[in-house]
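In what follows, chain A forms one complex with chain B and a second complex with chain C.
After this line comes the complex of A and B, so read on.
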């Protein structure tokens, strides 16, 4: 039957896609636990996880120092921006729509290079380097948050707000009690993915990090200096675990919020 | 509780006059339906009363107080929406209590009011649930309870039953009517469904092109239509463009189209030679045994059974007429009419309604069923 043939093809494709994502990660985890340079460990060890632990801990803190404020600021910008994009028609709306997308489409290297040029040549060099780096992260996080929030606002039944107002709520109360709670799961998920995007960013961050300030993604790259591939893997596994925890918490929170 | 006075309401969207001089009085405790097809301005009128849309001209007064400049959230109105618009992140209980919390009621008073309404609309066991866990009919009840909980001066309902299937819709019509009469809440109801309008209303306002064509008690609108539009919109009808052949001294006129000539009871308005619109209710065209007064020879085109009446299509002198014939009338015959059979039909002149020709106007017979589109267009 052609239907079952198609289904088999679809299933094979799905398995292939999942394998392409999961297998390298499994290989990385195995590698990080291996005493020697070999794909399937013969000697199991956790020593690579403690080898440069003070650097790793410092880099995790540095990552959070960049990403948490970046996500917070992006959220503050994304909310009113999303409201405006979803609810009003104004000149330049389509342009802004494209601009929001731009950081997602540009190669990070190009964006990072452009930003460092901007920083070095202009009056912007008066800004502390960390603040500028955070600003750059706001730019890359913003679309990750704003796009789903705009979609959620566009999908939301506008009559919910009408109903709220007919029951006696002012527009401000309506936004607080109806609109924000309804889109909150999306905002939470968007922020979490924004945080993950920020923590794992390498290309742009590489250009802009202040001297001696190494976030996780850069620390992993630097760990290759030791010429111990297992060590790099171990550091990467820590970053992976962090991302998974962040996204997992987000998913749980979103489920909680949407349940009421 | 309050009466509603609407005076010369106007609202335009660009060049389109959505509401064009609507005046309407709704008495305290009365249920008035705005009935009309897509884009006739009924939803816009409702939304102006609700304060959701600003009027260009005219006034709305609720309980004698003019509403100009009063925002929706200070009008004390309850609205039941087409798609219910229940707050998805709140339980049924919190949905109903929403308006009461905004009014800063005390917790025990809120609980009592929520319980009272839950009992009235019979959803007591659903209070802890979320809207997505409810069926369409249950959601509809919650929406009514939420709107009534605030003891609104006026209840506004915008096609609240269009999402329900036919059998449930009919049951809820009875319930809504009983509920509205019991609570005595002044209600304005919007629908395109004439059956629903008749089942629910004290009075019906038939709307067309932003105007009220006729406003009166249900039976009056049905039996004494004031215009060809109302006559054609209500009920199941034959509508013909015809010419008045003559009017005799006894007040019986004759209209003709093609080879068909029908007698009508003249009111003196139509004169010989006038182009007129003729409307005849399908259920007032009968089958006759033989040539008698007001009988016309005809030939059966098709004949089919429906639960309410036999639907017989007949050809009278080249004009096709629809006749809804009662089961009893068909049973009285040796057998149901068959296509091609020569029969006699009877049409009493009182039932041949003649109106000045409205040929320049659009065909109103078929209200568009696409509600979604209408709502987008009107709001």
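After this line comes the complex of A and C, so read on.
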């Protein structure tokens, strides 16, 4: 069937939209390589990437200091939660199913405001600010990990586990040899996307970040107003690359999972 | 690990419900043991602060802590709707709410106009590079919104590539940085990928026979899309519109960075952020603003959930 006029128009729309998505990013990369404040560099340089490299390294480390423990703790919380949700029937299950999603739904400024006021209250203010910030990140990462893991456990063939145990394997062995290998890829993919969610968070982090602690997203926001635009561009390109690499690894892993 | 082994040990051989007295209680207890860390985490960091914010918004306590955890303060608190009254009657606040809703509505409308034919094309038109286009168009979902916002500030600004292009062509200089138009376009940038993801999946579920039948009867492709395909995906389309609207209203990064702050483009989440960093923030009023955002997000999710259920039942 020859392409109709409408279909040709829709294709043109898709191409334009792809261009519109990519153009600002390419312009930003060009800007970060420009010696002067101009859209098309006349003088190419990489000096903005090394201009304050110790600050950039520090803020990458600050991001990881929040995100890595947050993902690790979220995993520990998500595992028993996912098992209970996928395998057992209990009172209040539907409510909890809805509750899991809450951190994804609540607007960041509302949750951030509520959390900083919680932190200001009584004994809670004795907790180190960084620990509280990590706690908040555990919450925003949790649904990203728990949702796919619950789905994987629901799809998993329970007969495998039953067969393993009826052949004499202990529950512990069955978990180690059957359950873990089946869901591990999903757990890894969920953790990678959780890491990306945490690294790219802005609103909640801005409310809770301790004084002098500058993870990448906050560092970039702070420098949008007063810093040299090429320098901010370079930092933004680094954060963009970090998140796309993390997500890219996640997508590749996810594709291998779905292929089996 | 204890919970996991427990699951395997008990579940395959678990007695049917009601067979053994107390089996139900036992199962509930076992489940809640596994859920304990989750319930503790969400109880402390989601439920308490959200309820606390709600109580704060109907109180007269201009303090940045939660009275629900402070019995002495809670006892002396006088409850009032004056914060909501101020939010919906004071001119500056009303302007902020109106601007927020107008920007979100216009951005969603543009998203639907741009996104609907594109998601249709991505779903049914299997040509070379469709997969690549699909992938590129999904990227902004995972990109840091702060970075997107900054890239757009550069793009829209006097030194941006668009300005360089328009001035080279000799047309009036393009500089829309820190304007409402820039915030609308920036919001569209973030919304389109979310919209495409939902709609492309819905278009892909529409039976090909349906379209073939319509077109073999002589209807053009556009007519088929409007009269045959769109009615089928309508629940999903409405759900996507509602979710995108709630998402736009709650999103702070674009309005803050592309809009250049509340003095340029007033926006509800930006106002919350700004008030929290000033010396005279009026904390209960700020809480009322946040409660309005939460309400929009939760009502939106509820409506979208209903529509999605409708979509999946009509697909069957």
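Operating definition for what follows: the second predicted complex is superposed on the first by the 218 of 260 C-alpha atoms of A that agree within 3 Å, B and C clash if a C-alpha of one lies under 4 Å from a C-alpha of the other, contacts with A are read in each partner's own complex, and residues count from 1 in each chain.
The criterion applied here is as follows: contacts are C-beta pairs under 8 Å (C-beta built on N, C-alpha and C of every residue); 3 or more make two chains touch, one makes a residue touch a chain.
Worth saying up front: this structure is predicted, and the values here are computed from it rather than measured.
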Three-chain arrangement built on chain A, chain B and chain C clash or fit: fit
First, second, both or neither for A:157, with chain B first and chain C second: first
First (chain B), second (chain C), both or neither touched by A:165: both
Which superposed partner A:129 touches (first chain B, second chain C, both, neither): neither
Which of chain B and chain C A:196 touches, first, second, both or neither: second
A:181 touches, of chain B and chain C: first, second, both or neither? first
Inter-chain angle, chain B to chain C through the CA centre of chain A, in degrees rounded to a multiple of 10: 90
Which superposed partner A:253 touches (first chain B, second chain C, both, neither): neither
First, second, both or neither for A:58, with chain B first and chain C second: neither
Touched chain A residues, chain B compared with chain C: C
Chain C versus chain B - closest C-alpha approach in the superposed model, Å: 5
Overlapping contact positions on chain A, where the chain C interface meets the chain B interface: 162, 165
Chain C residues touching chain A - in the complex, by the definition given at the top: 1, 3-5, 7-9, 11-12, 17, 27-28, 30-32, 34-35, 37-38, 41-42, 44-46, 48-50, 52-53, 56, 64-66, 69-70, 114, 117-118, 120-122, 125, 127, 133, 136-137, 139-140, 142-155, 159-161, 163-164, 189, 192-193, 220-222, 225, 249-253, 256-257, 269, 272-273, 276, 283, 286-287, 290-291, 293-294, 297-298, 301
Chain B to chain A touching residues, read off their complex: 50, 52, 71-79, 81-83, 85-91, 98-99, 102-103, 130, 146-147, 150
Touching residues (chain side chain A, partner chain B) in the complex: 157, 159-160, 162-170, 173, 177-178, 181-182, 184, 258-260
Chain A residues within the chain C interface of the complex: 4-7, 9-11, 13-15, 17-18, 20-25, 27-28, 30-31, 37-40, 76-81, 83-84, 87-91, 93, 96, 99-103, 105-111, 113-118, 120-122, 124, 135-136, 138-139, 142, 158, 161-162, 165, 171-172, 174-175, 179, 193, 196, 199-200, 202-203, 206-207, 216-217, 220-221, 224, 229, 232-233, 236, 239-240, 243-244, 247
